[in-house]
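Chain naming follows the written order as A, B, C and D, and within any one chain the residues start at number 1.
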Amino acid sequence: MEGDLLRNVKEKPVTLQFPYERKEPVERVRAKVSWEIDKCIGCRLCVRVCPGDAIELIGRGREAEIRYNVGRCIFCGECVDVCPTGTIYTTKEFELVFNNRREMIIHFRRKKTRRD
Amino acid sequence: MVSEEIWALIQIFLFPGFLFLFFLAFFTEWLDRKIVAKFQNRYGPLYVGPKGILQPLADFIKLLSKEDITPSTVDKVPFKIIPALLLTLAVTPLFCIPIVGSSALISFEGDLIVIMFIMSLTALLVFMGGWASTNRFSTIGSIRAGLQMFAYEIPMNLAMIGPAISAGSLSISKIVEWQTRRFWSLFPQPLGFAVLTICLMAHLQRVPFDIPEAESEIVSGWIVEFSGKKLALIRLAKDFEFVLAASLIVSLFLGGPYGSWYISPITFLAKYLLCVFIISNLRAAFARYRIDHLLAGAWKYLTPLALLQICLIKIWGI
Amino acid sequence: MRRSEIRKQLRIRARNIIVQRDRRFFVNIEKKDLKRVIRRLIRMKNYTHLSTITALDTGSNIEVIYHVAFTDALVSVRVQTSKDDPVLLSIVDLIPGAALYEREIHDLFGVEFEGNPDLSPLLLPDNWPEGVYPLRKWWSPDRILSKLGGK
Amino acid sequence: MTFKIPFGPQHPALEEPVNFMFEIEEERVVNVKLRLGYVHRGIEKIAESRNYRQLVYLSERICGICSFAHALCYSQAVEELLGLEIPERAKFIRTILAEMERIQNHYLWLGLTAKEMGFETLFMYAWRDRERIIDMLDMISGKRVHYGMSTIGGVRRDITESMIGKIEESLNHLEARAEYYTKICTEDPSILKRTVGVGILRPRDARALCAVGPTARASGIARDVRTDEPYAAYGEIPFRVVTYRGCDVASRMYVRIDEIKESIKIIRYALKNMPEGSIRVKAPTRVPEGEAISRVEAPRGENIHFIKSNGSDRPERWKIRAPTLANLLSLCKMLSGVNLADIPVVIAGIDPCISCAERIALVDAETGKLNVWDGKDLWRYANEWYRKRYGL
């Protein structure tokens, strides 16, 4: 044990000084989910398949609005696989800290078209 | 005449006295944590002060500000005074250690015996502290502290007597002077050095022998009920004991502040850091022993070795 | 391990042995010869251990299935007990390893195991009201909560 | 005089709440009484309001460390109910992931046992090496803990050519470290003193108390679901069941370290002969009526899942028995006669995963009218229980 102790004194520490040095996420990481709301057709498939009931769909068809609760989401990626039009994609942002529960609910609204 | 007293006061309170030792204690704790961290591929304290050097001081101040609970079922009087007593008993022997000149602040014939007595007194106080806080874990912790005292007390005292016999005097300053005239008593007495280091590890309750406060078995042993100021004092006392242990090794076996270059605290500090490195290295290299291992090991190996060392001194007539 | 081997060892009619697939056998027996069958099963050649005991609430009565694992198969012995007197013989003397499983089923289903030395609550808190067996179908969460003085 | 020491729900040596009540006479344990029930989450209660595909993610969360073993066990049970045949490549990927999870679990266990023994350095080294295998799992599945790889009908992510090189390289490093730990654990005096002859479980008791996994294999019983009932691709991969005869914590340590080396060989063999092809098959949501039992060799022992389906898309009954529940009796047997200082080491010996053993089978499935007993009710129920009990 002694030899290994001394050998380790030379090596650089393995731990990261977290707030200053960060480990960049892996290429396949599945973190926060987000929508390109324009492509969404309001088919409600993602709402039904989500194990954590994190997705809510308000309104119907084209001008549907998605209310996504990051707190309940378990980042499994089922909604990404099931979405027929590929509107849902996972980002690499996994440091999700919120001050209160209201901030956890993210709204995806379609930009107001010229009519209204 | 007046400057005489002022100079003595400065010596007691400032330089080789309390303030210097206070910061030396914190520096040692920081150094110990850094060395062990380096062995284990991690950083150790980093953020408080440059390279985390003020971390022990920050811990001390934090503990002082924390709430100081005295549980209702606790035996009030000893529970309150033991931390303070432990601190005084940890600091007083340090004044007999020569740091600057060849003679320490207080040096009289027989101060080695006083130090031995005070060190066994601290072990007794640890036992009483654990027993007074009538928590189940601390009772077991205090019993273990008492058992551990039986184990390391005799070999430690025998190992400390070794250099005194060869130097022919019971005062540490004279032992140091003798070593400067002849040679470090480490060379004729390597056994004594090894036994003393191991026993001091047991006295300091460091990892191979931190059985009285083994946190994975009995939460944190006899310190379970202490909190706030009392805990701060106990941890400070532990740091001072670390300083005492390392400086004892330096003055008894490595020739105190004398070195080939010149008399000054620098040589003392250099040897002192060597001892701190050795003790931290031991801490990182072993798992915790059980109380029966320590008792069996001490009586089967340490005491005979210490006795053998004493006989060797007599035979070789050093 | 084949079906005929089990039939010969346990001496019960072939009708009660169902072969689900090559390594799965289901054996239906009555309550009274549970001990006899388990004792025979343990003495068979490549018996390894009792995997677990499952309990099912099938409306009128409670089905208790003993999964006995062998090196080349898993035999599940199925016993029915009615709900009003759910008493079974404990097999702790044959297989000491069954103690925890019986305690758990006693907690959650209320099945009494005669002969089990220690049926104290394993999973439920100490002051769990008598007669509330959360795993029975009738005990929906609302009823459990109301029984506990919740809603 | 005998002490009654609660090794209670909150204790630095226990990562998860379980309560042992020890009777101690002069540092020797005389009697042990076990009490569970502190971390039960009503897995089946939540289960009855989710369909089969969503339950895969619930089965993963039964235990944080052997999560893939539970997911694999559940998926195989449902595939058996559906009579679904999954592609060869998916079987091989499942085997590789199961073995990677075993390596990660055993390194974690080695670190924890070292911490219980007070050997901080070995704890730091073991967990530093564990990072290498977690990086591999992270690379393949995108997640460090609950990989979300196994679903009904196959695997969700593929292992591409570029990954195989990196996996090979970290496997070689891990094998070298495993050799190092074998040398350390057989030579270091302080480890030997704390583990040899501690927590004895004789083969006769292990067989009577139905011990499973490394706990049984350390007492000389070659009991391994991968050979008794080869699932996934274990039929085609030759491997050796590691057994030691020492019956004490030291031999449990050697069993686990040798299993790491064995797992590395399995992964290398599987990576070499992994067939090409699809990795997933479309699975219907409705499961026909029937019963299925599936057994998997989790890192801690034999996992067994029993699913009864009633034709709807929700299980009628889902019974899970994790390896820790099977080993707890043997743990109580080992603990009697041990002295106080060794209790954490012996408890760590069977690698307890209390949250596995706690998956209370609460209520069966009914038509979906029952509301889920979510956090709010549990929280209120817990408060009432404490208020009643301690009369606050």
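Going forward, a residue touches a chain if its C-beta (ideal position, glycine included) is under 8 Å from a C-beta of that chain, and two chains touch if they have at least 3 such contacts.
Small disclaimer: the values here were computed from a predicted structure and weren't measured.
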item	value
Higher-contact pair (C-beta pairs counted), A-D versus C-D	C-D
Distance-maximising chain from subunit A - centres being C-alpha averages	B
Whole-Å gap separating subunit A and subunit C, where each centre is the average of the chain's CA atoms	44
Cα-centroid distance, subunit A relative to subunit D, in whole angstrom	28
Subunit B and subunit C: spacing of chain centres that average the CA atoms, whole Å	62
Approximate Å spacing (C-alpha centroids) for the pair subunit C, subunit D	24
Residues of subunit A whose C-beta touches two or more other chains	1, 5, 14
Touching two or more other chains - residues of subunit C	none
Multi-partner residues of subunit D (each touching 2 or more other chains)	121, 125, 128, 188
List of subunit D residues in touch with subunit B within their complex	3, 5, 11-13, 27, 114-122, 124-125, 128, 188, 190-191, 193-194, 339-344
In the complex with subunit B, residue positions of subunit A that touch it	1-2, 5, 8-9, 11, 13-15, 17
Subunit C-facing residues of subunit D, complex	34-37, 40, 45, 80, 207-212, 223, 228-229, 291, 293, 295, 302, 304, 306, 308, 317, 319, 321, 325-326, 328-329, 358, 360-364, 366, 370-373, 377, 380-381, 384-385, 388-389
Subunit B - residues contacting subunit D, complex	36, 39-42, 136, 140, 207-208, 210-211, 214-219, 284-293
Complex contacts: residues of subunit B adjacent to subunit A	37-43, 46, 281, 284-285
